[in-house]
Each structure stands twice: as C-alpha cells, then as structure tokens.
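Pasting the structures in now, so scroll down.
Across the two complexes that follow, chain A remains constant while its partner is chain B and subsequently chain C.
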Partner chain A sequence: MSGASMATGAPAAPAYRKVGSLRRERRWALIGAYAALAVFVVFFLLPPFHMLITSLKSSAEIADLSGNPWTVSRPTLENYWALLTHGSYPIHFRNSVIVTLCTVAITMLISIPAAFALARMRFWGSTVLATGVFLTYLVPETLLFIPLFQIIGGMGLYNNMWAMVLIYPTLTVPFCTWIMIGYFGSIPKELDEAALIDGANHFQMLWKIFIPVALPGILAATIFAFTVSWAQFLYPMAFLVSSDQMVLTTGIVSDLIRGDTFQWGMIMAGALLAALPPLLVYAFLMDYYIAGLTAGATKG
Partner chain B sequence: MADGNTITARGIPAAIAPPRAGTLQRLARRRSTLAFLMTLPLLAVIGGLVVYPFFYAIELSMLNKRMTRFVGLDNYVFLLGRETFQLVIFQSVLFAVSAVIAKALIGFVLAHVLHTLPARGQRKWRGMLLVPWVIPPAISTLAWWWLFDPSYSAFNWLLAGIGAAPVPWLGDPGWARFAVILVNTWYGAPFFMIMYLAALKSVPDQLYEAAAIDGASAWQKLRYVTLPMMRNIISITVLFSLIVTFANFDIVRVLTNGGPQDRTHLFGTYAFQVGIQSGDIPLGAAVSLFMFPLLAIFAIFILRGVSRRTKEGL
Partner chain C sequence: MAQVSLRRLVKKYEGDVQAVKGIDLEIADHEFVVLVGPSGCGKSTTLRMIAGLEDITDGEIAIGGVVVNDIPPRDRDIAMVFQNYALYPHMTVFENMAFGLTLRRFPKDEIRRRVDNAARILDIGELLDRKPKALSGGQRQRVAMGRAIVRDPKVFLFDEPLSNLDAKLRVQMRTEIKKVHQTVKTTTVYVTHDQVEAMTLADRVVVMNNGIIEQVGPPQELYHNPTTKFVAGFIGSPAMNFIPARLENGAGALRLHLPEGIVLPVPPERTKRYAPHAGQEVLFGLRPEHLTEEKPTDKANIATFQVRPEVIEPMGMETLVHFWLQGTEVSARLDPAVPAEVGRPLTLAADMNRMHLIDPRTERVL
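Our next item is the complex of A and B:
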C-alpha cells in the first residue's frame, strides 16, 4: 500500500530503487532456495547413501563399533558376490521379474481396449463405469488382502507366485485405464472421422491411430504398472511362504535374517539391487514417470 | 437447417427410409456390444477381485473364528472394547494426520523453491528430490531400519559426535511413533512436491503480473493468487495421501512390526497380525473394514474435486 502511494508521489527515483531491491531480493531468494534444496537433498538421499556404504563393507567392518558408519575404509564387493552366487536371491529376483513383466502385459491388454471403449464408444453405463474405475483405484490393498487370502486359498494358489500375477492387476488396471481414458479423450475426434471415412474399423482405429498417438501416455501407464508391481509388499507377504516362490520385497528380509543374526551388508546390497530397476527406469524415462504420477489428478 | 432436414427426410421414398434406420440401429447395437466386449476384462478384474472380495470381507467379518457360525457384529464390538485396538485407531489417525501434514508442508515448500529456480537447474534438483518416491518403500525402509539399529545406529553415531545421548529409535513407544512418521514423510513428501510443482506451473504468469501491478507483496501473491489457483489440487493430493497413509502397511511392518507394545500398529499391520499370523480371519477382516467408512468419505471428496477439475477444464 505505502509502496504504491510512494510510486505515484515521486515518479522516477523510487521506482528505480525498487527495481534494484527486486533484483537483490531475487538473489537472496535464490540463495535461500539452494540452501533449502541442499538440506532436503541430504535428508532425502541419506538412507540410500548409507545403504550403498554398508553394502560395500565386510561383515567385520560393519561389526566394528569404533568405525565410522558413514564411510567405508576397505570397500569390497563380497556382499554382492555372495548374494548373486549363493542363496536364493537370484531366484527372488527372477520371480520379481516374471511377476512384474506378466502383470505389466496383462494390465496393458486389459486397460488399453477398456480405455478406448470408455473414451470413444459411449454405451449404456459408460460414465458410471469410468467413475467406478477411478474409485477402484482408491481402494487400498490393506482393505482386501484378507478376503483375497481366502479366495486364493480356495483356488489352490496359496504359496504360488502366479497368484501375484492374478491379483496385481487389481492395483494397476484401474489407474492405467483411468489415465488412458484421459489420453485417448484428448485425441481430436477429427482423427477418428478421417479413419472411419477411410474405412477403418474400431480395432484398426485403436491400433493404427490411438495407440501410436497416445504412446507417451501408454509409456507412462506402463511405467506406473511396472513400479507398482515391483514394489508390492503386502500380497507376497500374505500369500507366499516358501523361499522359491518369494519375490524380492519379501525375500530379502526372510532369507538374510536368521534368528538374531542380521547380515546387514548383504541385506543392504540386496536392497540396493532390488531398488535398481525402478531407479534405472526413472533415470532414463523421468518425464514419462512424472507424467504418469501427476496424470491422476491433472487429467480429469 | 432443421427445415431442410425434415424436407429431405420426407422426400426420401418410404421404401428406403426404414431399412436405413434399421442398419443404423444395428450399427449402434454392434458398436455398444463391441465396447462392452472391450471392457469385459476390466469388469472381470474389478468385479471378481475388488467388488466381490469387498462383500466377501463383510461376510467373513461376521463369522466366528472357525468360520462356522454367523455372529453378526460381535467381532466389531469385541474389537472396540479391546484396548490394543483402541490404540490402533489412535495411532492410525495420529500417523495419517501428522504424516500428511508434514508431507504437504515439505512438498509445498520444495515445489515453491524449485519453481523459483531457472528451468535448467530445476530438472537436476527435481531428479534428486524424487528418489525416495521411486525406491519401493519396503526396500527403502530396510535402510531406515538399519539407520535406527539399537547398537549400530548411524544417527546415534552422529549424535554421539555432538555429545548427545543415544536415542532408542525403535525401542521406545514415543520415538518409534516418531520414527514411522518420519519414514513415511521421507517417502511421501516428493509426491506432494511433484504434484504441487505441476500445479504451480499451470498458474498463468499474467495473474502474478496483475498482482504485482496492484502492489501485492510476496505473501499476498501466495495468499490471493497461488493458493486459490491450487486449492483443488491441494485438496485432491491431501485426500489421496490420507487414504494411502491411513492404509499404510509396508513401512510399519518392516520398521517396527507394530511394536513396542503394539504402539505403532496401524489398521493394515494389525489386520495382518490378527488375520494372517494368528489365523483369525474374521477378526482380521473386521479390523481392515473399520477403515472403510473413513476411506469412503475421503474418496467421495476426491471424486468431487476431480470432477470439478474436469468441468473447469472443459
């Protein structure tokens, strides 16, 4: 208020000074911004960093209470070597890969046609169904794991990793369908009309126009499905008990902790390797990853 | 236009008109049949593995432990009278509310800070700040578990460096509650950051210019331009995060497994302990169904926010 009245009172000089102060303000804001960012980057990256440091230590160095836990004096890869050559870690990794790949494939096969139908082919109940899909996405797995435990048991799939392939789509399909509806909906209707005039049927339209045009959206949905199935913890925890059926998220803990002996070096090495696939996907496809993340709320 | 149509429609010989309408109808019927077939797998997944289990859970929760007899609401009444379960309700609310507030504040600050940076630097910082969200929580919590280890805690080592006493991170109920909230905040804050950043970028610059011309201070710009423009996305994100945090399982299960003295149990972990580990399936189903009313209310509000967004977009 006072600044405005001053500016009208004395035209040139205060306005000039104000520009200078703005620039100074901006510089201080930038310095403050970098300081805040640095603090949070340290906070956010501390656990993975400590994970890496521990994974490079020998058991003796970890057990040595006089050492510095934040540095490694004699780095070794023996934890990684032991993990990959002995024990069932490679089996867990393989199971995780199989379950995740199958889930992603099933998710895409279900959600792409469904999203196409819901976005373009209005039919009785289609808007209700679209809303229902969104609500399903909001149902957390902690609400359903007990009845699913009974259902899986009844189907004879208890302690069978293929049960995961059956159940995981409940976590991925609703969200993927939802964001694909958004992406398909944003494709101009003129394209459909052009295709129809050229004599394309609905499948050709989906295959030759919608999928290529909405490819970024499909990629974002694929990444989402991949990260969700790779990270899932509750279902394997509840439904898988024997080591040869376990996936990474549950296998690391159950295999490397024997009673009171915690093999921390190997646990951290295993955790780091398990975190690597999503981190790599994220590093190389960050824009699609973020698009998938924000699409749920920004697309309608 | 309308007149022209009626005239041509009338002009068409009666013999041609009816079959044409018939084919059109058949086409429409075929199209909707096709659409229905395309959504059939989706319906099967939602119906068979979400809706049916939900009603099955209600049925299960009304049986006795051996699942042989219908006991009505006995399980619910039994749970409400049990002190451990009252602690679970308290801890779930405390955990969800405080973690979501912390995540929303940190996310808001970080989004603002990132937004002030020049575009080139932004990418790099954003990339680093999103890492906690990318690592599967069950995996990253292992690192936290190790950081909180009673004898080898790297945090306590740092505290000892400045002469402070070691903290019983997971051994003391108060600290354990703090620890699970801290880890959840660490994991979820980047999500808020990225959502708010996307929202900030969608606020038109002209609004800030207009506010600057009107002599608005930075605080006033935040209060009267940024917040109203972001209100919807803030509420959607907060409600969504309340659902996810309230229903959390991974972090508590790995870090404390509900201990010490059941003080950190959430609905999810307690349902797991009761239903799967102790084998009382009906009681476990009742525990997780207690979450439902609250989740349903949040979900309805989210849906309202999202549909309002869609309408504004159109």
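Our next item is the complex of A and C:
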C-alpha cells in the first residue's frame, strides 16, 4: 500500500506508515462480542432469576407489595417442601418422566431407520418422501388436536397419559427424521459399504458402524425430542383432566392455581424443579455431543 | 482366490444414464488387472458391480465360477479399498482390521495372528492401538489395505486408492501395492484414471472409454500396438502426436505428406499393410519419444526434417520441444545436451519403425 503511494510521487513521508492495527481491530471485535453476549445473558437469565427469588419467599412476603421483587429478605424452602410432600407434584413429575422417556425411545426407534433409509437408499419417491416428512412437521398442533381428540377418544385413551406417548411422536418424529437425514447424508457412504463388504448385514452395519459414527447427529435429535415432549402443553391440556394422569406442564397450572388464587411461590418452585431435567440432559449430552464432533467422526 | 468373469455387463442408472454398455472381461486367478480411463467412463461402476454395491442391469458376473449377480456383498468373499479409505472412525486400527473377521466369528488368536501378519507386511505394527484420525494419509491407506489383506478374500478391489495422496507418497504406495500383490497373489481389480499407475501395476490393462472397453492387454502391448486412437493417445506420457497427413503411393514406396511440405517415407516392411489405404487422408501417430534430435545411427527408417521450436521445456533428464504444424501441436523429446532454441531451425529424426496410421473416420489404427 505504502509502496503504491510512493510510486505515485507522494511527498516525503515515513516509508511505512501504519495503516491500521490488527490487534486493535481484534480487541474491538472482542468487546463487541462481549457486549452482545452480556445483553443476551441478562435478557434470558432475568426471568429464571426472578423465579428463583420468588420461590424462596413465603406467601406473606410475596403478597407484601412494599417489598422489592428482586430480593428476598427471609429466604425459606417451605415452597419446595410443600411441593414435594403434599399434593400431586411428584406424580406429575413421574408422569412427565415416563411420557418423555417413552416418547424419546419411540421417536428414535422410528426416526433413525427412517432417516437412514431416506438418506441412503435411493428408491422411487424417496426425495418426495423426505420433503413430505418435513412438511408434516409444519402442520400446527393447534389444528391437529381436534381430529386427534376423535382418534384418542375412539381408542378409549381419553384422560390417559399413555395417549401422550402415542401423540408426541407425531411432533418429534418428522423433525428428528429430517435433521438426521441431513446429518446422515454427510457421512461418507463408503463407510457403510465397507462394512457390508466386510461381512456385515444391514442390521450389523447400522448398529456397529453407522449409529456410533452418527452419534452426534442422533444426540442432537434426542435433545430435541426430549425438549419437545418435556415442554409440551397443548396436548396434555386437551386430553388429560384428572390430576393423577397429568404431566408437569399442566399439573402445575391446574393444581397450584385455584380460581384466582395463584400460589406464586410454589408455582415458581415447581417450574424451576421442572427445568432441571432438561438442564441435566443438555449438560450431559452436550459434552458428549461436542466430544463426538471434535473426534472428527465423519472423516475416514 | 479365483478368476472373475464379466459377461455382457450393462449398468443403467435411473434417468437412462448408461454407465457401462456391455463389457466382456475374463480375469485369471492371481492376475492384477487395472481398469483405466477418463473420468466418467464407468470404471467405478464396473468395480462396484463386482463388489455387489450396485445392481447389475444386464449380463452377469462370476467369481470363482459362481454367478454372483444376486449374492450380497458380504457373501461374495471380496475386499475393497476405497479412495477415501473408509476406515471406521470409532475403532482402533486393530479393530478396523479385525472387524470382518470378528463378524465371521473367527477365534481370537486367529484374528490376532492374521492382523499381526498383515501389520508386518504393511509395516504398521506400531499403529494398531491408534484411531484413524491420528494417522497420516499414507498410514490410513496402509490400514485400509490391511483390512483387505486379513480377510484373505478371493478378490481385491481397489477404487483409485492413491488419488488422495501427494505425488511422492503415491509412487511409494504404488510400489507397496505391487509388493503386497507379489506376496499374497490375490486376484486384483484396480481402478485408476492415471495411466502411469496402470502401466506400472498391471499384468493386464483394460482401457475403458464411455462405458465400453477400448482395448485389453499387457502394458507393453498397449504401448506398442494400440488398436484405437483413444488408446494410442491415452497410454504414454506425454501423449502421442497425431498429425493429419496423406498417404501417397510413389514409385513403389509409400510416403506420408505432412503439413508444411514435410514428406516422410513409410518403412518398406509396412508397405503391404498400408497399401490399401494409399491416397487416403490419415492421422499419422508418433510418440514424442520417437521424435528426437538427429544423431548418427545405423538403424533403418529414420527420417529427418526441420522444424522451428516454439516452446521448450527442460525436464532435467530430457527436454520437451513443442512446435505447430498447421495448427496441430507436435512434441518431441530431446537429449538435454542438444542446444534447442525457440525459433531457431532444428533438425528432428522420426523413428518411422514406430509410426502408427489411424483412420480419422473410424479412429481405428490401420
């Protein structure tokens, strides 16, 4: 740059004028990144923080309008204690766990083979089918629950939490299949071919070679299925009426809100506890997930 | 070990792409056959049909005398080495090599013995506990070969196994593959688009073009007696010169009239072969190595003529000289000691004993 300006006959100037500083530029980029992240963190962590504070307050302190909503003067665990020892919160928790685990298992049992078939096997209409799978995901559940109501009622599963195990996969299977099609497609097909030539049948090839290699993609799908079924609200709201069948999302609202009495402390405690399992799943699987990615799993 | 037969083999992909258009090939036991040809000519497709990875549209494939059209890959008793190696990333080198044997329920000590033996042949004994990602390209290549060797299959299939390696390593691994074949002697079908690889490795080279076999033969045979223009141009590097010419009969001897007034005599012993084509337009084929500087010789049928070099490429052990005859590029290979200069007239000697004549319409060698 300076060479070019000298060639045009610029007046005597230092031969190498400093045009910019890479280090300074980098520092600004870093500061910008931190600022953006700080806004992000504050925005997303304030509500949980407020929940935590509220869950530690007694009903009297919550009702006291003169108090600061962001601090707690006499922290107490009475909300948690009441939640876990009285009422049906533990039952809702158990129901949620059962429904979610079953949903995740069913989803994976259907999605993995489906995604494999759609990603790997070329058969008539396979591309149309792959797109179709994704389109079914786009149909909103608010439309689906009316016909589903008929079906579930016809099967005699109304007000039965096992109906959720049947219904949730209609939400999770299409999306999980679809993201796994993408991931599976990035795995070189020579890998399965090598296994087939080495003497594996299709099942052995899937189980011993393909699934271990595709694990990061499968875990991403698992996390999604878990989150969707753990947080699902509309279907349990529509189909489950008695408390012993309810899952956490509806259980908290229906048990802890009586008419216009909101038991805020217990609602917040219940919601926080309900957020724990997803947190643990993320923490555990994410480590695994990243380990899988950095192992360069797809590069032969 | 076994022979492999391809009979009127056809492959059509959906959308009416005919990748392989009916090829016949008999591969003998212990033979090392190389399929070579330009990109898209159907080499991989042919190999994958032998492996059982692609359905056969028509014709049949037999391995060891048994028609395998409907036998899945795992029961064909073949091993394949892929271009990207396709090592199982979650397994160690040992597990990679042992995988096929474990599936076939070989006893543990037999697996150990075979893997150790293959590791010794390929010199990868220290790598057995590593994962593939901790290996260099050349080492991965060896492991992929090891995985094939331990199985002791009837046939080895290679699909461009060296094309991911750098030039130096490629030459080294080429030698390695040849050595392995001399040790284990398994029937081998090897696919490459590199004619040097084909020439150096093969017992017989199969030149493919556009889904058909152009010519099959030992490397020397293809080099000296190509039957088509395609083979003549494909085998050998730099490629053969093709110069448009007219074959004239004058005073009992045949003569080639090249562009720019160059006239070259056809060797008398070829007169009978070429006489029927006298008066025709032909393509005169001569390899650069048979077009050299003029030097004292008592060989018969050396014809000389003058040219003006336009590009000169010193290669070290030889110098390539390029010139144009009415728009046709012609190359000659000279001793580097010859002082060649761009634009300065240079006398070249054509070894007419090595000439080829090609019918420009059928592209067949006359």
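In this text, the second predicted complex is superposed on the first by the 243 of 300 C-alpha atoms of A that agree within 3 Å, B and C clash if a C-alpha of one lies under 4 Å from a C-alpha of the other, contacts with A are read in each partner's own complex, and residues count from 1 in each chain.
Just so it is clear, contacts are C-beta pairs under 8 Å (C-beta built on N, C-alpha and C of every residue); 3 or more make two chains touch, one makes a residue touch a chain.
Quick caveat, the model's predicted, so the values are computed rather than measured.
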Tell me which partner A:Leu219 touches in the superposition: chain B (first), chain C (second), both or neither.
-> neither
Check the residue A:Pro188 against both partner chains and state whether it touches chain B (first), chain C (second), both, or neither.
-> second
Comparing the two partners chain B and chain C, which touches a greater set of residues in chain A = B
Once the structures are superposed on A, label A:Ile98 by its partner contacts, choosing first (chain B), second (chain C), both or neither.
-> neither
Partner chain in contact with A:Pro278 - chain B first, chain C second, else both or neither | first
Determine, under the contact definition given at the top, whether A:Leu196 touches first (chain B), second (chain C), both, or neither.
-> second
Would you check which partner chain A:Ile209 touches, where first means chain B only, second means chain C only, and both and neither mean what they say?
-> second
Which positions of chain A sit in both the chain B and the chain C interface?
-> 296-298, 300
Sort out for me which residues of chain A touch chain C in the complex.
-> 122, 188, 190-191, 193-201, 204, 208-209, 212-213, 295-300
Of all residues in chain B, those that touch chain A in their complex = 31-32, 34-36, 38-39, 41-43, 45-46, 49-50, 53-54, 56-57, 60, 106, 109-110, 113-114, 116-117, 123, 125, 127-140, 142-144, 146-147, 149, 151-152, 154, 157-158, 186, 189-191, 194-195, 198-199, 202, 214-215, 233, 236-237, 240, 243-244, 246-250, 253-254, 267-268, 271-272, 275-276, 281, 284-285, 288-289, 291-292, 295, 298-299, 302-303, 306-307, 309-310, 313
What residues of chain C sit close enough to touch chain A in their complex?
-> 14, 51-53, 72-74, 76, 78-80, 82-90, 99-100, 103-104, 131-133, 140, 147, 151
Complex interface listing, chain A residues touching chain B = 1, 3-4, 29-30, 32-33, 36-37, 40-41, 43-48, 50-51, 54, 62, 65, 68-70, 109-111, 113-114, 116-118, 121, 123-124, 126, 129, 131-136, 138-151, 166-167, 169-170, 173-174, 177, 202, 227, 230-231, 233-234, 237-238, 248-250, 252-253, 264, 267-268, 271, 274-275, 278-279, 282-283, 286, 289-290, 293-294, 296-298, 300
